């Protein structure tokens, strides 16, 4: 699975020291590395110490590219969000896609309460090789998207919302019971997981 | 609240004997009566003993109309379902609406995975005085409807589905966190509750 | 739905910079704007940068009124709380009502453990066009109010309480199973949602 | 604790053979016995084999009284229900009270959506030595009763209701967070537990 | 209920200013006042402004005694804890008992994994008019105490523990299903609620 | 999505009459039909009335093939189970794959407590175009499989087990938090959903 | 692990035909077999077809002993229950112990509400090589036993009880948070799991 | 149980002053003491005041050894983790083992998504007297280890992960339903509990 693909580090709960050490060890053996879930203060501290480290604050990811991922002959991956609050998770997916040689096509803030905005972009959705759909609260967007495209739909619930949003579980369960058949689901807030799922589904993954 | 409105009996867990006794007592004082949640075998047994009892098997409701509810100068109430499995709950709402002098407009099986079917009926939705939206599984339909109409949207989650549908709680929580603002929610499978909510919202309720 | 009604921004999780930018964009196209869920420090920072921004600290809402909402020929909306801790949510409802041209009538701290205080205000409740009932902990107040008035009762559970209050879920489930028929419910702590629901129910919403 | 008090057998999950054997063993040593949670068919089968066994079908309890419980110089125990569906649990409480020498005063179907019925019986409530309040669904009644009397209020949640009633957990959590202070709670559907709690609270328990 | 009993204020979530204002209002009308759930920094700030305010840091309660509660001819109330971490909740109960004219008898750190410590104090338990039993984690102590005494046992679950302790819900559910009959339960961490329950159960409450 | 693919009917909760009517309607317009979740008695009753209906009792599915699905130039889909109790769900997946022109390769009873059995079949797994992994109880198998293959891994939790298996939710949550990256998940017991997900992922889906 | 130990079949959900076939296959290769979770009607049907099959109705287990398990030089395993309703699970443990060459010592109905019965048997507990403690409802017994013995304590929660007993989860969580250190826990109702755990802990397991 | 074993203090929620006082009291009576769950800042503050206090920051434990634990003639205890994030809990187990005279053998970061790393260490696992297996997220490792060794397997779920990891409950439930028989489980994050369980299982515990 790992061919041409960077090592991926889960940054949350690790100190700047620990992350720098891991990055240096991986780079030393000639491999690229992607770090997810690093808050801006830590991201900047790492960049100050590892000059080749490129930090993306919105996505909360950073990477050192030793050798770029191999080119892959596939269309873009649509990365779709219901609201603007879902964008950080979408960016985590987009950054991961880029790191593994896939091309994100961002389609943001097209939630189901304003259908017209979504319907304007159906053609774009249909040209994608796969669609990552990211939504919090009621998590309804994957069902609508799943009815509009025949390609893989990877649903990512987010922890956006309050009260009955249940920290993302309402969106998660919604997506698992989607009335559009063949929709698949990854863990709450896992933009990374969705990108890796797309990686498995598309040519050039091994 | 009760003026011109029948007494309503919760039939579940009550025997045929008990229901017949309650019906006769209410009819004796000159009032109409509606009974909800009676399974067909019980419904038929009651009808055999109370000739004026009209049983609606799909809705699992029955009624004796002593004096018809007063006419009400309001438009129809759209009763919308996502799937065909939601129809019994929709019929409970429709029968309750009829019993309190409101007029249901049934729009069934227009779930969000097949948007075209819903979009064909937008005009009908917009002519309703209020919309009751009934859906199980991911409960996405009220968000889409709420974005299409300006009138009251009363969402009814149903216990249809399995696994992550959580016996209706996924739909319930979805509806409570709907991204269409001003959507209100009643208890799982409560077609009756939705109709009574419409009753409170429309002229002639007192 | 939006005619004469301000754009509404969900302030939580957004920075002062982001909110100021969104406000300026909406005002530039000549529309009013309401922002919900802004803590006092952020509210004051926004007011310092946008002079026309009016911040209501108790409600944690702020607004810029470009053109006032249209007059609406309806009675007041009663906004009722069980305790004093529920008042911030009530104020969010009241501020939203004002922003959409409806008139709140505040009836606070009339919880069911001291019935006399509630009973003193029954007439006031009965003169309202709709009643928003806000309660945490056991959430019993909407059932009692629902038995006293024939108009719409919109119940708002709050996250007030500890232990078995379950961050508002006990009040939420209580309200959904209210023994007063036709009570409708919105998400936990959503004073905004209750006001928007009233908006849909009353003349002049479109 | 057991002085003058019958042995109490939990009948649920036990066969007629097992219950008859246990009854006979207890009676042989000269003690009275109360059996709870026996469905009518089992209750009648036991009565057919143990002639002194008195079965109360509504309460689903049965007893053999070898020596009557000692007289106790206390006032009646009010046993109050919100609805008619709560009556079987109330009867379990009442039968247990009788078996331990206490006197139940039944006040049924006085739920909070129809306050007038409850208010008509306030004097009766105030004359009780303790009040057992039994309610399902939103479980609001103990809060109202707790505000009306100064004596012990023992709340019993019931599993009556559907959907958000959560098989009695909504009523349970409501009662635990009651805004009337000093209300105590027993397990869902435990009329027996409430009666035994009253037993501990009143003179003559040891 | 309130005769001779102070007004009780729930301090949590209220500012020093708010609490001082409420205290002064109550004292002005000649009544005593008890405030619960105030952290030490707030407690000291209040004491600095209201000289008659007596703050108990372990219990996190404070009071102003305008007229002492009436003498009550009852034995002590045993206040029992399983561990040392449960002591703050026990002190809240003890301070509330004192404020309403009841006498606490503290029996701390006698959990069931070291039975000998509990058994050494059985006589003391049996001399109490009622027993308040406070325990977190598995909440087993009320069952054992309930088997040792015939008087009221009021169980208070605490939020002590981690993982499967579920913030007090494991202890709560344990206590509700206690195999010692007649044990009653109050909300998690509610030392106050337990004391008020004892108040209702003992002579002189009205 | 539907090109060359049969209509799929959710059989659960529908009567034989209803299913026969739906089948006949679909067949009349020249389309194939697959029905899922029909118990053996109903399956046989349908077959008795619709001679072209082929029922698979283990999978609890039945179909009428009007025109066979188009040939698809892809490798087999491995359908893997942890235990023998998971086989009915695997067969639902296999039957659905066949109905949409994909070829299942069944690898059953290779759960992680007996690693050797799984390791013997690694080559077979690596030759599959995608792997559907079906497991109940602790749901560990997809993590191990995900570490062994680079192709899509679609995890299906089953409701097999008791107690802490939580009717499939433990397996569901396990799979969502799999330490093998890019594993995707469908609803509990949804062999159908997994097959439809494979359909979206593989060439020839539209 | 399996040396001298029978194959174990999970009987629940399998038909008599399936179980007979599996038994015959195992016996054919010369091994003993134990089947758990078979209800009496199925147990008797199997015995009628496999004469060497010994069925234990209380334990709901059956076995065919081809070669007896090897002798093991260890003391007895105490199998302790809190109530009489826990006995079937205890018998499942006892039968499994016998099948793997360990000797159960049954100590039943010694729950913590009647401490004296437990204290009478402390010596017996202290002579055991390990103690299996089985309890439903509040699951308090393992904490008390864990404080009395220094040997392994394996706690088995049972699904006995109603309401807040949560089908065994209250006992499960209680046991996991036991204040007696070093208590270990197996799945709800898993007498079999507890016996197998004892097997791993005692000499002669491999 | 306590012979030669230190007193163990639960440090969480206790102040430096309180912990120092307890340590001094225990040391004064000539006993060793172990303190668990102390964060580094508190650990260092204690060490500054109690010179003999040895603090292990990774394990968050500290101890004063007055007399070393007795030698025990048993093999090492394997302490195995799935990931690197689980190491702090493993170190709590290792430090507790050392304090009670047992010898930990650390085998870290051998999770099931990279089977080869685990398989390389099977011999080491098989030489251990018992295996403590520590894993978060899907908690799959104990099932695999349980299939590889015949000795006791003590599973410790950790709160590592997000979303569906449910703060450790997913791992907990996974481990309780492990398909490897005889695996036992302790509370989430309880390295201490696992070590004490090993203590009970091995010679020399009393």
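Read from first to last, the chains carry the letters A, B, C, D, E, F, G and H; within each, the first residue is number 1.
We adopt the following convention: contacts are C-beta pairs under 8 Å (C-beta built on N, C-alpha and C of every residue); 3 or more make two chains touch, one makes a residue touch a chain.
Worth saying up front: this structure is predicted, and the values here are computed from it rather than measured.
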Chains contacting each of chain C and chain D, listed by label: B, E
Rounded Å distance between chain G and chain H, as computed from the means of their C-alpha atoms: 27
Whole-Å separation of chain centres (CA-atom averages), chain C against chain E: 36
Geometric centre distance via CA averages, chain H-chain D, whole Å: 47
Set of chain G residues in contact with two or more other chains: 163-165, 172, 176-177, 181, 187-188
Touching pairs among all chains present in the structure: A-B, A-C, A-F, A-H, B-C, B-D, B-F, C-D, C-E, D-E, D-G, E-G, E-H, F-G, F-H, G-H
Sites on chain H touched by chain F in the complex: 82-83, 111-115, 137-140, 143-144, 146-148, 161, 163-166, 169-170, 172-181
In the complex with chain H, residue positions of chain A that touch it: 10, 12-13, 157, 159, 168, 172, 187-190
Chain D to chain B touching residues, read off their complex: 85, 160, 162-165
Touching residues on chain D, where the partner in the complex is chain E: 1, 8, 149-154, 172, 176-177, 181-188, 192-193, 196-201, 205-206
